[in-house]
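For reference, the structure discussed in these notes is given below.
Labels run A, B, C, D, E and F following the written order; every chain starts at residue 1.
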Amino acid sequence: MAAENTGAGPMLVVSAHAGDFVWRAGGAIALSASRGERVKVVCLSYGERGESAKAWREGKKLEEIKQIRRAEAEAAAAELGAEIEFFDAGDYPLVESPELVDRLVRVYREVEPAVVLTHTLADPYNADHPAAARMALQARILAQAIGYDAPGDPLGAPPVFFFEPHQPEQCDFRPDVLLDITEVFDRKRKAMECLPAQVHMWDYYTDLARRRGVQLKRNAGPNLGLPHTTMAEAFVRLYPQTTTVLA
Amino acid sequence: MAAENTGAGPMLVVSAHAGDFVWRAGGAIALSASRGERVKVVCLSYGERGESAKAWREGKKLEEIKQIRRAEAEAAAAELGAEIEFFDAGDYPLVESPELVDRLVRVYREVEPAVVLTHTLADPYNADHPAAARMALQARILAQAIGYDAPGDPLGAPPVFFFEPHQPEQCDFRPDVLLDITEVFDRKRKAMECLPAQVHMWDYYTDLARRRGVQLKRNAGPNLGLPHTTMAEAFVRLYPQTTTVLA
Amino acid sequence: MAAENTGAGPMLVVSAHAGDFVWRAGGAIALSASRGERVKVVCLSYGERGESAKAWREGKKLEEIKQIRRAEAEAAAAELGAEIEFFDAGDYPLVESPELVDRLVRVYREVEPAVVLTHTLADPYNADHPAAARMALQARILAQAIGYDAPGDPLGAPPVFFFEPHQPEQCDFRPDVLLDITEVFDRKRKAMECLPAQVHMWDYYTDLARRRGVQLKRNAGPNLGLPHTTMAEAFVRLYPQTTTVLA
Amino acid sequence: MAAENTGAGPMLVVSAHAGDFVWRAGGAIALSASRGERVKVVCLSYGERGESAKAWREGKKLEEIKQIRRAEAEAAAAELGAEIEFFDAGDYPLVESPELVDRLVRVYREVEPAVVLTHTLADPYNADHPAAARMALQARILAQAIGYDAPGDPLGAPPVFFFEPHQPEQCDFRPDVLLDITEVFDRKRKAMECLPAQVHMWDYYTDLARRRGVQLKRNAGPNLGLPHTTMAEAFVRLYPQTTTVLA
Amino acid sequence: MAAENTGAGPMLVVSAHAGDFVWRAGGAIALSASRGERVKVVCLSYGERGESAKAWREGKKLEEIKQIRRAEAEAAAAELGAEIEFFDAGDYPLVESPELVDRLVRVYREVEPAVVLTHTLADPYNADHPAAARMALQARILAQAIGYDAPGDPLGAPPVFFFEPHQPEQCDFRPDVLLDITEVFDRKRKAMECLPAQVHMWDYYTDLARRRGVQLKRNAGPNLGLPHTTMAEAFVRLYPQTTTVLA
Amino acid sequence: MAAENTGAGPMLVVSAHAGDFVWRAGGAIALSASRGERVKVVCLSYGERGESAKAWREGKKLEEIKQIRRAEAEAAAAELGAEIEFFDAGDYPLVESPELVDRLVRVYREVEPAVVLTHTLADPYNADHPAAARMALQARILAQAIGYDAPGDPLGAPPVFFFEPHQPEQCDFRPDVLLDITEVFDRKRKAMECLPAQVHMWDYYTDLARRRGVQLKRNAGPNLGLPHTTMAEAFVRLYPQTTTVLA
């Protein structure tokens, strides 16, 4: 009987908009999927109003934009090896509600995640991100209560990781964990390329992965043999790590 | 070639006074030793002035007190399975110096630790603790430099963990890691009992291990089967964790 | 005419669930009551869904659980010497609303507390706790406004103390005040024993009181004669202390 | 046997320069003295280089300036009812040393303070202030150790208060305590007027006392009858308050 | 094409109550207006319940109080050279709503501000202030989205400054910017005098401007010739400054 | 007489090692020099032990390494348009001393900087960086004191900017200022290419400038016409900005 979380088990990713999970956690998702774990992504909205500027400038309509974003996100999720579900709750603003939280509780109870990923609680550039995070955290707590009226068993206490926002320092994002995604980076790149409206982001997040990779090597203890091209993603833990080994 | 620190390899513990490593990290030490890893404890002083009140009240002299503390610490280290070395640098105050830092660099180069444990950088109750931590950290950085003139190879970048101070909240100690020490707690208890001058601490730190154990179970994800008697120690990381699994 | 708050006057305790006031502030309540002050506890919910796991596992129904929790909380309050009122607002989640805040304003205006106790504003393990605290604070501000339409006179500015959460460091709980509850600890223990569903908490919070007592003695200035068995509760102030003596 | 610090007993004030104790803690000193408590001020330097611009511009010499500052500080201390001792350790920079700390330990052991006042640990405008604070705190810890070789008994654990720096927000000064100095403000004003080189400070610190007084009234609970002219000084606690009453 | 914000362009001020913009930002407003820039003030409420104690004590009725406050605020805005609009959304509490945020979005789109001023996000003395700030920030983000359905073009990213709350340290207000308002201080004083219900505030905020002026001079680099009577207002930035010159 | 710092005047850069000023502040330096301002760089050491791994691995000797680093830094400074002076104080560790601080005071008094750049005060990867920053700040304060015995006039209060460390989040580096260096980026690149031992850094810091440029555009208010290739450097202010315009 070990106190250590092994990370073995399903991963749940709660994302405010359709593209967030790709830029910010595509490596973590692909890594988990590559080990045979189930990964479920919930997109609370399509990012149809706030993150589809190009489509609006081209004169597209709301429903059309939602369809485009949905198709892109589905393709990216497939590339990464993840299931995806859309709540279509609207963005800009993403409005918090008990109903949305309850839907998330049901997802938690069904997926029984061993790991949860979501946005940071602070983001002065985008209020939908913290709103998504607050709902993801509230639902996780409710799903743990045996008295909460939803199908399934009470949830354990899966660790929660915040993925990296666009301007990390302004969002109080101080990385606790650097995840080596070198072996799945090609998949992340391909998943990013499923999102053609934001071409400039492909290189931006490739550069970021390289930068986080350099930092990983700098913190990686005596692993001096790491390749020059190590790629990484950064995360912040919400709860203390539980373990049987200090490392 | 993995980016993950496995914790396999030697552990170095830098302790300001003779007893600190027992109360604050005895479980971590015993756990590491029980896996066959080398553990080296450096006591910068014996705690002869500041942490030997009972002996002073009994009228003992300085040199005698140092001998007593040394013998106790040696017994406790043996119980835990660790080597121990005393720098006899004096306490209350423990005065930082380039010479002490250089001695520590040589220990780092010789031990090549995979993990380092020391005091927190803040402690408004005891200025020797942060002084020890500052020297431990400075020596770790110097030991990494190929140009630093000391025997041995440049050090890798072993992770550093701060162990728990007596009044954690006042020392900005917010646990990042809860370590399950259940299986070695008996050894920690026996090591504590090697320090007869502080009998009241035996129960105090047993209670603390139980309390941290309760918290560990609360954070331990879906590991619902952990025993009621889980015992734990709490630590704070200085550097980001590097890993290949989010857990 | 003194600027010093003497603590003479009623105490108001705003608690999210039925048991919180006992574990976290039972000593403070008993101490105030033992001095002849009125103490009023408001339980916003019974903790029927989120903090009654044992009853749910035994197959009890919602209304039955609420009755059990109510009876236990009434017994505990009586033991401590406090009045108790239940808002029955539901838990997991406890949903904030203008109506609940307004009910609290009316309690403030009626009780005219000299001291207010409630939960911390951060608690990543339980969202009901911060929700209760936010409502308690909002109501306190509204009750101070002469223009707020509720019976009674405008409230003064009673000091607010946050009581200790289950995992203090993760809730940014850094004690500002250690309250000596030695003389009433027996009452707190008896009040805890009125809550039989959480037997393991009796010892947990007895240990905690002992631990906070040790810390109190360490900070208690020249009061070297404090008994070995000093018991304490920890609190955080929201507003600056006003006083005529530095001590 | 009470856990409460009553503030009854000597006060020790450790000040970097000759004028600091007047501007920043004159009210606290006068209040304590007016109750018949002994107050001892230690000025580590005269502020001869860094806080005597007017004298330098007038062409005065170093020794002359030191004499002027000393005489002024003695007059101000007398007005407030305090003893004063000068260490003449030099300023700009005030250099920390084991010898200075040892001298302070001896003062602690002799005075046996029930309350200690000093500068904040952060001050980006004046490095002498934090240097003084660090030495004051280190000496307090050393004086508590029975094994520290200095005359007198081991010190208890007197509470420490940081007094208000010139630019409080930049020094992380967030008031924990607002002290009502209304009844002794005249003495503080007279003491300030003993320092003629800094005339503009007389009104500046009178304004500040009024401003802190307004804040005190805003936090003073139901004490609605406080006079319009309440004057106050602000302080930050280093250690938790220990008490038997929440107020 | 320069990256530097010049401050040339309209200013938008979002104020919870009718008087806030005068006490806290009157200088900034007058300065901007004196340069010929448009300044628009939005008062979300009149402060009729929470900040009109004198009128209530005189027995005035709600509607009457609102009219008085409105007339005073209009006079003050005129004195400062600003337009003013009242949302009449109610105070104590000011309740956040999507409708209010949408009205603000429309104001942003119409005014196209180059600079935005509002309250701090923390204020334990007044929950309306953070509520106003949250809505001002949310509306600013929504107004930037091309997909948000409101007249006008998508907004740029105007910098946001929080103005000074009544108890700055308790609101985590650490000034980033000290604005020299010397040349328009007379106008600010006259605008304050348009608010006769709070006479004591005239001097309070005059003193504060002098105090912030002293601090400005202390931080003003080599501008040694600043007049003794420099007056200033303090602000906190939400986003990083963008510039082509470090100064 | 304006309170605004215009940035017109000399710039002083205090750098721990020979390369730091290039990677971290090369753009700011080139920009200032391109406007005709004097820029003076002080390198406290050559980085001969800690930042010359390649040379050590090639078997070079200490003196030789120092000469190489010096020549490279001189070439880079020339490229940027700056003067450079070497204190040759040794690195790994860079030991703080009154003598070094005094030498810096003399530089301050001679250069009379309008702007000062140095390292952050926290850097858990490199203790020389904070040591350099502490000395730079201490010297700046001493140089302001008329009573400090060094040639020249007392210094004004030039603003201080911390430049970006290698792992910004771990060094508590939260950018306050994003400086547009687009027009001088070619010079920065050429200066970087003067440091051939760290070829991998050329692209690393080019990527970083692009990343900070993207962030600058995101914060640059209504300056929508900024070029896609905006390059930037990030800085943190130590003191509040003083200004006559909010922008």
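Going forward, contacts are C-beta pairs under 8 Å (C-beta built on N, C-alpha and C of every residue); 3 or more make two chains touch, one makes a residue touch a chain.
Remember, predicted model here, so these are calculated numbers, not experimental data.
The minimum number of touch steps linking chain C to chain D comes to 1. Taking the definition of touch as given, a chain qualifies here only if it contacts chain A and chain D alike; those chains are B, C, E, F. Overlaying chain B onto chain C using CA atoms gives a rotation of 180 degrees, to the nearest 5.
Chain centres computed from CA atoms place F at the largest separation from chain C. With every chain reduced to the mean of its CA atoms, the largest distance from chain A is reached by D. Inter-chain centre distance (chain B to chain D, centres taken as mean C-alpha positions): 37 Å. With centres taken as mean Cα positions, chain F sits 52 Å from chain C. Counting only residues that touch two or more partner chains, chain D has 125, 170, 175, 215, 218, 239-240.
Across the assembly, chains come into contact as A-B, A-C, A-E, A-F, B-C, B-D, B-F, C-D, C-E, D-E, D-F, E-F. The residues of chain A lying in touch with chain B in their complex are 1-9, 11, 28, 31-32, 112, 114-115, 117, 155-159, 161, 175-180, 182, 215-227, 230, 232, 234-235, 237, 239-247. Contact residues on chain E toward chain C in their complex (touch as defined above): 48-50, 52-53, 56-57, 62, 65, 92-93, 95, 124-127, 170. Looking at the complex, you find that chain E touches chain D at residues 125, 166-170, 173-175, 200, 204, 207-208, 210-211, 214-215, 218, 228.
The touching residues of chain C, when paired with chain E in their complex, are 98, 101, 137-138, 141-142, 145-149, 154, 238-240.
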